[in-house]
């Protein structure tokens, strides 16, 4: 019943074996090296085929797709409330943030507005997803460079954030909490105080990272001037988020686009850095983590009372139309282009994930770079495989 | 050594028996030293630094974890990569381990507790420790794995580069002691005096602090510990030249690394901190107290080595080389110059 | 809502299509849209982009009376006018609604549209490029099993023959295949969606790589998933799927095997929610 024939299966296996053989034969004019798909430095199964001349890269070709799950096809056969479950798993480190643009797009098409309390709590959880995601990055970049200790601190302090997300939503990694018209539940008792103390803890962690890594001379010499991405190249390739802010582009969707979420109600700052190198990307993300803690505290202080869910029909049928909503996710700009024909489920969903574009710059960026710097650059660009491969 | 063992055992040991006992002693000390280092620093110290506990299951506080790991490695399957050069692949760990063993021959644990106190002690030690480079190159090449070759080449470049600062730093000590034999250096520190005050002797750390710094950095590089662990850069080359090794062969590399750390810490203790000398203790008491004091100093130096290892990120290969050739070697030459001037002037 | 209902939730007939937008227009638009576009300095305009489908007859009757007069978006309307001026007749369809612009261009002007956007509209940021297949989705309900020999799977709007006209989305469209791309300007923070129709038999398009380098991977994915050829792309090969993969998965007639093997549980096994059957029946209308 399957459309994949025996011949196809064998051809596929032969192709994989041929690719694997590349790793063993030693060519004298430049060595072709597979970085991945199983490799400690790639966050998951990303394979970067590089041709080396000594220790310098001559060309690089990322081969993604080892984790391709066919999201766009899958989303076409689901109903709207079922989609948040799937979509959590795109960027699994900051997974609440994946649900939000989709829900906002569906709400825009349905002309439904979630009540203010729900919007504020959504923003709180969105920023906590950002913190969970970025704290891992802050420790992880140390590990890629050889400093094995900061990552343990990162995981330790991240646990507090994940515990809070679990207390509110029921899931540490995949909350599945956003609903069209609001949220699934209200916050549990005592959550707000616990959250504030956790934010202080995260701030302490950021200070620690600043001392331990940012101030370290070896870290500086390994990251300054490495992987410089000029502004126009970054925008051409569609880099977004901290990557492009580290190249000097002053663009943050939370500030620049009208959104029902509560960012306009709090005071916060957008951080940019003119250099565009790996150090800048690390620095920008560190500042963003601090900023996120401040946003969360302000939001919790001003959380409005009220209902959690707007009045929506029990059976969700989104009217026909097209909508594009994007948000400033921890990894960059994530957006959903929903085409609806008035059914229970969408007709077509184009998922625009930030890491796909972030990685597409690698062939341009990695030319002439040393192998250790390849790792530094991969670490500083920060992608999640689920985001690249959808 | 014979002057200790003969009265102890009540017999007059011939050369053969003496040699056999010495060899067995070295065979015993090397794994014990390695396991001690592994447990204290790799299992417990790093865990506590990383706000976790480390192995706690095997034995109280996990003390049996290290011997258990040893046994685990011994019972693993012996795997060769299909395209590996079998003989070279099998031989490489033994070459590295051999150079580590040879290091322990000259390390003194007491006034009479040394396997063989060679007159060219320090010279022998440095010469023999550089044999491991061959073993690493053999391992890298014979693995038929591009990561291993890259790791092996990086290691060769690094180890050779950092031999020079180490040797030059040690020259300062040798000039001050007037002898290359390690026992001689300990005695020179014990009998020496600091501006006439001879209460604690004259540990060379006081005058050779620059030399100690260079020695410590070079030792860190010789042991391929972070920040100089490019050859085994775990997040880049998986395990560098060690990638294809498993089971007993990996165990040999692993133990060689930690035993070398032990040996270098011991040599550092002897050269700069006075070795087994305890001020005011002579005779049989020194024979008993000596090893204890020596062990303490070795553990302290090991603590410093591993503390640095688990904190700092790693250098890139070219930065590493630049650091050795452009900074450490000139500094060590300055150190020799200064030592010479001061030795003649005072 | 009986569970034995066979009617699929596939594409609904044109009547339903027209009814929904009409019903939406009855609801007061101003209050809701004012909240939705909080920071847009413009006055509230039409809240949803309505599909400009030419086939739906009820649409034509409902629209002129009920639709409120959309007021021009001061940020976006000038951009649209500038585009129209540069592209002229090549700008085949457009829509400015809900704080966004949609523009559909002629196939021959695709690359030039990109260049105009980059140079004149200051759209320096390339967001994405994707494909659309307007073939109505196959009906995957109940005991339907994929029959590889049939040409038209399931029930479509016009069964037993391939539809010649398609219900397409915003800014119109006449063919089955479309490519759409999104660009943005980081200075004025305005984005634009460009669409282009492709030939159903031989879907080809000019590559955007000379204009935006980032289009490289997006076009590869588009080719892989839909089978569109991009002229001028240096290296059109698989990006997600293995090299020997046959077929173009995102096309609507490429079967989703999991659904072939087992029908969608939500349709077949659905139980009525206790105590609310009547209410659900009243709001839901003709679905399972």
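Labels for the chains are A, B and C, by order of writing; each one numbers its residues from 1.
One rule holds for everything that comes next: contacts are C-beta pairs under 8 Å (C-beta built on N, C-alpha and C of every residue); 3 or more make two chains touch, one makes a residue touch a chain.
Just so it is clear, the structure is predicted and the values come from calculations on it, not from any experiment.
Between the contact lists of chain A and chain C, the overlap is empty. With centres taken as mean C-alpha coordinates, the chain found closest to the middle of all protein C-alpha atoms is A.
Between the Cα centres of chain A and chain C there is a gap of 25 Å.
Inter-chain centre distance (chain A to chain B, centres taken as mean C-alpha positions): 45 Å.
Measuring from the averaged C-alpha position of chain B to that of chain C gives a distance of 68 Å. Those residues of chain C that touch chain A in the complex are listed here as 9-12, 16-17, 20-21, 23-24, 27, 32-33, 35-40, 47-51, 98-100, 102, 124-128, 130, 132-133, 137, 140, 146, 148, 167, 169-170, 180, 182, 186, 189, 191, 193, 212-214, 216-217, 225, 238-247, 249-250, 255-257, 259-261, 264, 266, 273, 276, 279-280, 283-284, 287.
Contacts from chain A toward chain C in the complex involve residues 1-3, 8, 11-12, 15-16, 64-65, 68, 70, 72-74, 76-77, 79, 82, 108-109, 111, 113, 232-233, 235-238, 240, 249-251, 256-258, 260, 264, 313-315, 317, 319-324, 326, 333, 335, 337, 339, 341-345, 347-348, 350, 352, 356-357, 360-361, 364, 389.
Every residue of chain A that touches chain B in the complex is listed here, in rising order: 23-24, 26, 31, 33, 39-41, 55, 142-149, 152-153, 156, 212-213, 216, 218-219, 221-222, 370-375. On the chain B side of its complex with chain A, the touching residues are 46, 49-52, 83, 144-147, 149-150, 226-227, 229-230, 233-236, 238, 310-319.
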